[in-house]
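All chains are identified by letter, namely A, B, C and D, in their written order; residue positions are counted from 1 within each chain.
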């Protein structure tokens, strides 16, 4: 866990209000793992006050990439940092995905910005495992293709790929999926997680999800980021320390 | 060897400098120790401990506000037993005064907690939280009643000779009445302030953003209120004050000390810059040099009010 | 003709919409009228008027704080007589409910002021300021004592049949007790909140920045506190609430109405964007359309709290 | 009194942290007078919250110029507005100088940033009155020369012009000043005003000063900007409405 000032190398606008921010930070890239995140202070002023958490989207040598949607004040300040400006990064934070257990094919499932952590994950798995990617969004504008291998897509409005959600997309490809020893790595909105939970249950698939919630510190100081255990009712994990990655059966989503 | 004497005293407790880390903003010290040398701090205050472990409130617990944040953690903590077993060993490694903050739902429970903890010699003082806005039973109900504050103070005082600090609620008409009660009850100091009660709604779902409905407001937004309450206590009660509320840099620390604080605590800032406290101590020293104070205590309550 | 019914009622007083301008932030309406069409507003509240003119506090009266500001104006005002002579003629030209805010140092003085003003038919309601933090005699001392709030309300009530609004202090343990007292005293509504007591020091001169030492904190910084107090009143007392505190845009207005406010007042925002209130009214209507409320009153206290 | 969004035409850094900001605002330039000021909202965010008051430094056709020192958050945001960005301006505000009364020579006295309102004043008087300018500062870095006619300077450290303050400078030039029918227009720090008050009293010179104080609204809403009358004790004028320009004998300074 480090606190660094990483200079902006490049900022690419992938699509209206979706940005890919590349910063130079060898200290972080040398230790970070897929599924971990960073908590970023976008200003030294009292507004916006809190750091903003972002998944490690990709790592390219000494360069760390973040992919984000401009939601409000924090992300818009971040999107407009000039080249060379220092970005105040706290990280790597959280547990990250477990890439090493027993499967042949990594099935990546992302909804909207939920695609963010997967370019890094795919880079790590390339050559080691087969990768199938399933990305869903409201319209074609929300479909992230950056760094995705064997990409299948679905949109609510049918403007790209299958008309439907990403769970429908998985069901479309059920035969392929059934024919392999898979593990699902997923990130996206709550409804997607709920659909996925049923899917995994029905087909009894091993699945890890990267969760989100409002955070203050990002590393265990504030107790502000609880997620309830699905096993032991009323017990809370901390998304920032125990997560953000959980087995889909372990948490209430 | 520093040219300026930054040390301060809270009752019999001597602090290297006035900068402490506030309860609930550094857990039990582990995580923050990666960014701040605990040995350099004036003191560290634990998350509020209760007799039994508390799971805390369901999500959402945190909401950001303009220059502030609301929290409704609900005193999630490991409880006194697990604290002794699992947390003290880590804290023992450091040469920093450990202050145990205690929260409870009944007067007896406060006493019970102190009984269990008082013989841990690593614990150098107790801070009694009579002011947590985020649990129905505990804290606030006491915090708003002068008599119970006096009573809790007396009973805890009877239990331990260690320095006793009462952490006051700002959600009252006249905080100095509570400081008086604490003093009369035998407290060595008061901490001011805890968070202000606040809330926030989602305008589309029309639900409160926090499951607990209300939460505690902290951060720079509350600094002017905290300073006014520290000043009010300082002007009407002769007791050491630990100033808390919205401190973001050394200038804020100086402002609190001028307003009457003997020491201060850094809270929300730890989330934003976990390395801030160390820098602040250094800058505090520079300020004293520049202003030609050879002892920081000369600055305490040095307000020029004609 | 608007598709949404934005009108609200404060006792017998019907307002076109819930958006009023807060006392002390628009003087007597002249200056702001260059930027906002007063005829479009729900109402306008005068600067607090006292029996005799008041010169106010010496400088400095204003200090900026993170997302807020402190003011210690000291109720500078022309007094009731000059108000009638010099200010009412201007206000008469507009078709906007005029609410007279009154501050005083004694119970009798409140009554006296109302006596003098009540027959001015342009004055549609009275807002009694029992909560000004910036004058030694007046306001706050009453504002923190439930009995005097009840007493002032009763005596003023006896004096006039016009709608009577009591403006409450947030610097108390339980604001709903004061709302109850106001209701029992015969008030038609309560306004919440006035400013929070705060202060600020110059760290080099070590003097308070404001001559009055303390001032009243307003602006976005206090919004979460104001919302919590409005919610608390709404959940425990059945009386119309005028929500005030840190409103910066239509979203904040909606949040106050959800939390229990029948109407709202815009204060500090007038200094920053004197044309804001007009825009907010329009946006409020858009929100109602989007959310399919045909009457704004359906939104009042519509919080989903299970 | 208007509320306008005036685009930035040009920003010139005169000296370390002293900026000249040129905005396009025909509505304002057509009505503003020397000594009036503008209250500027530097951001639409809640921090910094209040508008920032600045004197009209100069007017050039449809262009309004502001000259300011970067003091803190507000001025630094203003100094970094990109070309074309809108500046939210409330004004013209205040009374302005009275240029029309009975004098032949306008004696301009400025301390540090107090020079700000005078380029505009000199532009207006050019041809109509003789102008003598006396500018003081701590060092040569603080001496504003922009738009100043017949400039005499003084610095505390003697790094430019007379070693001393601007009052010493006036006394140095006493014979010239005595030989003319003068009116002093002054702006600067309080100590300068006090020295000037004595000077004007001793030589019984007519003098107007432009004052400053913390402000919230800038146009009479808040009553936040009192200045005490020197004539009628305990009576307050509002700097923003009754001022910022006062006869030096009328106010406590």
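Note that in this section a residue touches a chain if its C-beta (ideal position, glycine included) is under 8 Å from a C-beta of that chain, and two chains touch if they have at least 3 such contacts.
Owing to the predicted nature of the structure, the values given are computational and were not obtained by experimental measurement.
Where touching is counted per the definition, the chains common to chain C and chain D are A, B. Of all chains, A has its CA centroid at the greatest distance from the CA centroid of chain D.
Mean C-alpha positions place chain A and chain C at a centre distance of 47 Å.
The centroid of the Cα atoms in chain A and the matching centroid in chain D are 55 Å apart. Centre-to-centre separation between chain B and chain C, using Cα means, comes to 34 Å. Counting partner chains per residue, chain B has residues 63, 66-68, 220-221 touching two or more of them.
Multi-chain contact residues, meaning those touching two or more other chains, occur in chain D at positions 46-47.
With chains as nodes and touching pairs as edges, the resulting graph is complete, every pair of chains being joined.
Touching chain D in their complex are the following residues of chain B: 66-67.
Touching chain B in their complex are the following residues of chain D: 46-47.
Contacts from chain D toward chain C in the complex involve residues 1, 3, 41, 46-51, 90, 213-228, 234-236.
Chain B contributes residues 63, 65-68, 70, 144, 171-174, 196-201, 203-208, 213-215, 217, 220-225, 227-228, 231, 246, 251, 254-255, 258-259, 287, 291, 302-305 to its touches with chain C in the complex. Of all residues in chain C, only 24-27, 30-32, 34-35, 47, 55-64, 66-69, 71, 73, 76, 219-221, 248, 268, 270-275 touch chain D in the complex they form.
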